[in-house]
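Below is one structure, written out as structure tokens; the observations come after it.
For clarity, chains are labelled A, B and C in written order, and residue numbers in each chain start from 1.
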Amino acid sequence: MIVNKEMKEHMIDALKKGLRFDGRKNDELRKAVVEYDVSMTAEGSAKVSLGDTVVIAGVKLSVEKPYPDTPDEGMLMVNAEFMPMANPDFESGPPSSESVELARVVDKGIRECRAIDTKKLCIEPGEKAWSVGIDIMTMNDDGNLLDAAGLAAMAALKVSRLPKLNEDGTISYDEKTDEKLPVSKEPMLVTVHMIGDEIIVDPKLDEEHCSDARISVSYVDDKTICAIQKGGEKALTIDQIDKMVGVAMKKAKELRKAL
Amino acid sequence: MSYSKRNDGRGFDELRPIEAKAGVIKSADGSAMFKIGKTVAYAVVRGPRDLYPKFLKDPTKGILRVNYQMMPFSGVGERIKPGPNRRAKEISMVTEHALSNIIILEKFPNSVVDVYIDIPQADAGTRCAGISAAAIALADAGIPMKEMVSAVAVGRVGDKLVVDLDYSEESFEGGASDMPVAVTSRTKKISLLQMDGELEASQLKELLEKARKACAQINEIQKSALKEKYNVEEVEENDSE
Amino acid sequence: MTEESKLLIKEKEIVVPGEELAKGMDFLPSAGSYRSEDAIVSEVLGIAKVDGKVIKVVPLTGKYMPKRNDVIIVQVSDVTYSSWSLDTFSPYSAMMSMKDATAEYLERGADLTKIYNIGDYIVAKVTNVTSQKLVDITVKGPGLRKLRKGRIIHVNSNKVPRIIGKQGSMVNIIKEHTGAQVAVGQNGVVWIYSENPEMENLSEKAIRKIEDEAHTSGLTEKMQVWLAEQVGGKK
């Protein structure tokens, strides 16, 4: 999508007056809806709608050999697919750098605060441990796939249950146990954007195309940050960053209610 | 081995419960969700649109491209690693053939219609569900077609001929054969036919007839899904005409 | 005639591809339908219209196909030394040569980006479409121009006649109530501008409302009332 400079200026003029093209205020989130267990073949899954942006996350568990430096801990892996169904500019094929970045930002938010108690995933130290695989699939892109993905991943983990581990070491995926994944924290990912010098949250696609810089922040609780990622080409002042991180804090609280 | 009663209690010629919706992905030119039993398929159509690389352009007609993919968490067992996959490639190709003969490609030369089929949850019959979903999505996108198409897997489970096998039937211990069939809606021709497993040649015709009947039922559901989306209470003459 | 010709559907019924509309050699297929032996069959998802013996299907959906004399809104995607390539938001891109760009005199070797640069939106007219769907456009003509500040939205091109209304009656209602400037391209691309962002938002909302309710009757009066309420509420 080619951005038209004069029209971007026009958008910024409106933002300066505190009004966005869809009538929202600059710091207003779209309606977030979480639907649980949308895929019965996954060990846990959730579909998140953030306005018209729709993302599905599915959790699959398997038993693997733990990493040598953490023999008594389970593993976590986050993968994201920017599916061609979601946006005319997405192509099928190897993951784009944007989808890899999204996966890594979501991963950091979950991993750094130890939302999953990986020690509890150990089956046999040094030999066997549960490995958690989260796959994020974009269904419709109307901006802010990042935050929708973060929420979907967290929601899917929340309802994930361990499949039956048989005595001979095989897994019966069609028999889910009542044992839930040991998830003890709920990190919330919020991305704050800067268009010109105006700060907005939860951009729609047309706003996202005009974004000059963004900061994604994961809040593990109401005041503790566990991950930060800056994107976009524009360099930011310390004041601006401070302000944006503050806005993210407020919004993380709001978004957590959707879980 | 005898298969006297179906695992889920259905009649031998009975389809699983079906749910179909058109226009589920807002940014797509056309889209549909097709659920049969526990198998769910999403189809998204983008096009007709410009085609790259240039050498693929055909000045006499448009081309159809199908990309079928199972989501990593959609399989009955382990996670399916994303990436190029021979089965998915084959299904993409047979789906393309099943759909291209009904689309009036001459109406949009030098361009492409892309169909993306994604499966979030599978319980057998995924390629058939994908085709049924794709047909709805193509109509939803306004792509001109001579007729529609629907698909169902028929086959033999143990000693019985059945319609719409689920995963437990496909993997039946006493032996099974699985035959996905696509039937066009008006001329009732077969545009997809594959088979795995063993089947007595004399039973083929009977199975194809069963598939025809089942596909006619599916087509009624596809029609309803489309009409439902565009449900108009009253239609007014266009002001500008 | 061995069999009587008969209509199989009702006027203004929604039909799907492959659905039989009529049987018998008396009927004639028109846009959106075709003859197969003695049946007239729909080839698109649309509304069946019967005019005497002629049956056509008006599509409810589908990408815009460039047509000669259509006024559309395009975006510059590439500039060469003597022409522009433009995105028509349809399957086919358009070309514009120097002679169609402007009424002003252009010297050979002039920097074309100074006239229309990549990203610029232009209201243009389709002058020609070849059988291979190569599209030519011009910006020389009344109302044709480069668009400046404002916003661009995309609507279903099949609803454009309803959004414009008979001789512009519908779109004029929006302009009168909100004071915004609005340009509607046949290709479903719409430009809206107002100094007042609230009025611009309202204009967009109004257009989306017409798009959603295009099939209902009395829409023109309905929009008058709705817009008056909305504008009144903001004062």
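Heads up, the rule we're going with is that a residue touches a chain if its C-beta (ideal position, glycine included) is under 8 Å from a C-beta of that chain, and two chains touch if they have at least 3 such contacts.
Source: prediction; values computed, not measured.
Trainee: Name the chain whose C-alpha centroid is most distant from the C-alpha centroid of chain A.
Mentor: C
Trainee: By Cα centroids, which chain is closest to the centre of the whole protein?
Mentor: Of the chains present, the most centrally placed is B.
Trainee: If you tally the C-beta contacts for B-C and for A-C, which one comes out higher?
Mentor: Greater number of contacting C-beta pairs: B-C.
Trainee: How many angstrom lie between the centres of chain B and chain C, each centre taken as the mean Cα position?
Mentor: Whole-Å distance between the two chain centres: 32.
Trainee: How big is the gap, in whole Å, between where the Cα atoms of chain A centre and where those of chain C centre?
Mentor: Those two chain centres are 38 Å apart.
Trainee: Could you check chain C for residues that touch two or more other chains and list them?
Mentor: Residues of chain C touching two or more partner chains: there are none.
Trainee: Going through chain A residue by residue, note those that touch at least 2 other chains and give them in order.
Mentor: none
Trainee: At least two partner chains per residue is the criterion; list those residues in chain B.
Mentor: If we look for residues of chain B contacting two or more partner chains, we find 49.
Trainee: Going by the contact rule at the top, pick out the chain C residues touching chain A in the complex.
Mentor: 75, 77, 87, 118-121, 148-152, 193, 197-198, 200-201, 204-205
Trainee: Write out the stretch or stretches of chain B touching chain C in their complex.
Mentor: Contact set of chain B toward chain C: 29-30, 47-50, 59, 62, 102, 104, 108-111, 139-148, 184-186, 222-223, 226-227, 230-236, 238-241.
Trainee: In the complex, go through chain C and note every residue touching chain B.
Mentor: These residues of chain C touch chain B: 12, 14, 16-20, 32, 34, 36, 41, 43-45, 47, 58-63, 65, 91-93, 131-133, 158, 161-162, 164-166, 169-170, 215-220.
Trainee: For a test of understanding, state which residues of chain B touch chain A in their complex under the given definition.
Mentor: 25-28, 31, 38, 40, 42, 44, 46, 49, 67, 69, 71-79, 82-83, 114, 116, 118, 120-123
Trainee: Would you mind writing out the residues of chain A in touch with chain C in their complex?
Mentor: These residues of chain A touch chain C: 2-7, 9-11, 13-14, 17, 19, 21-23, 206.
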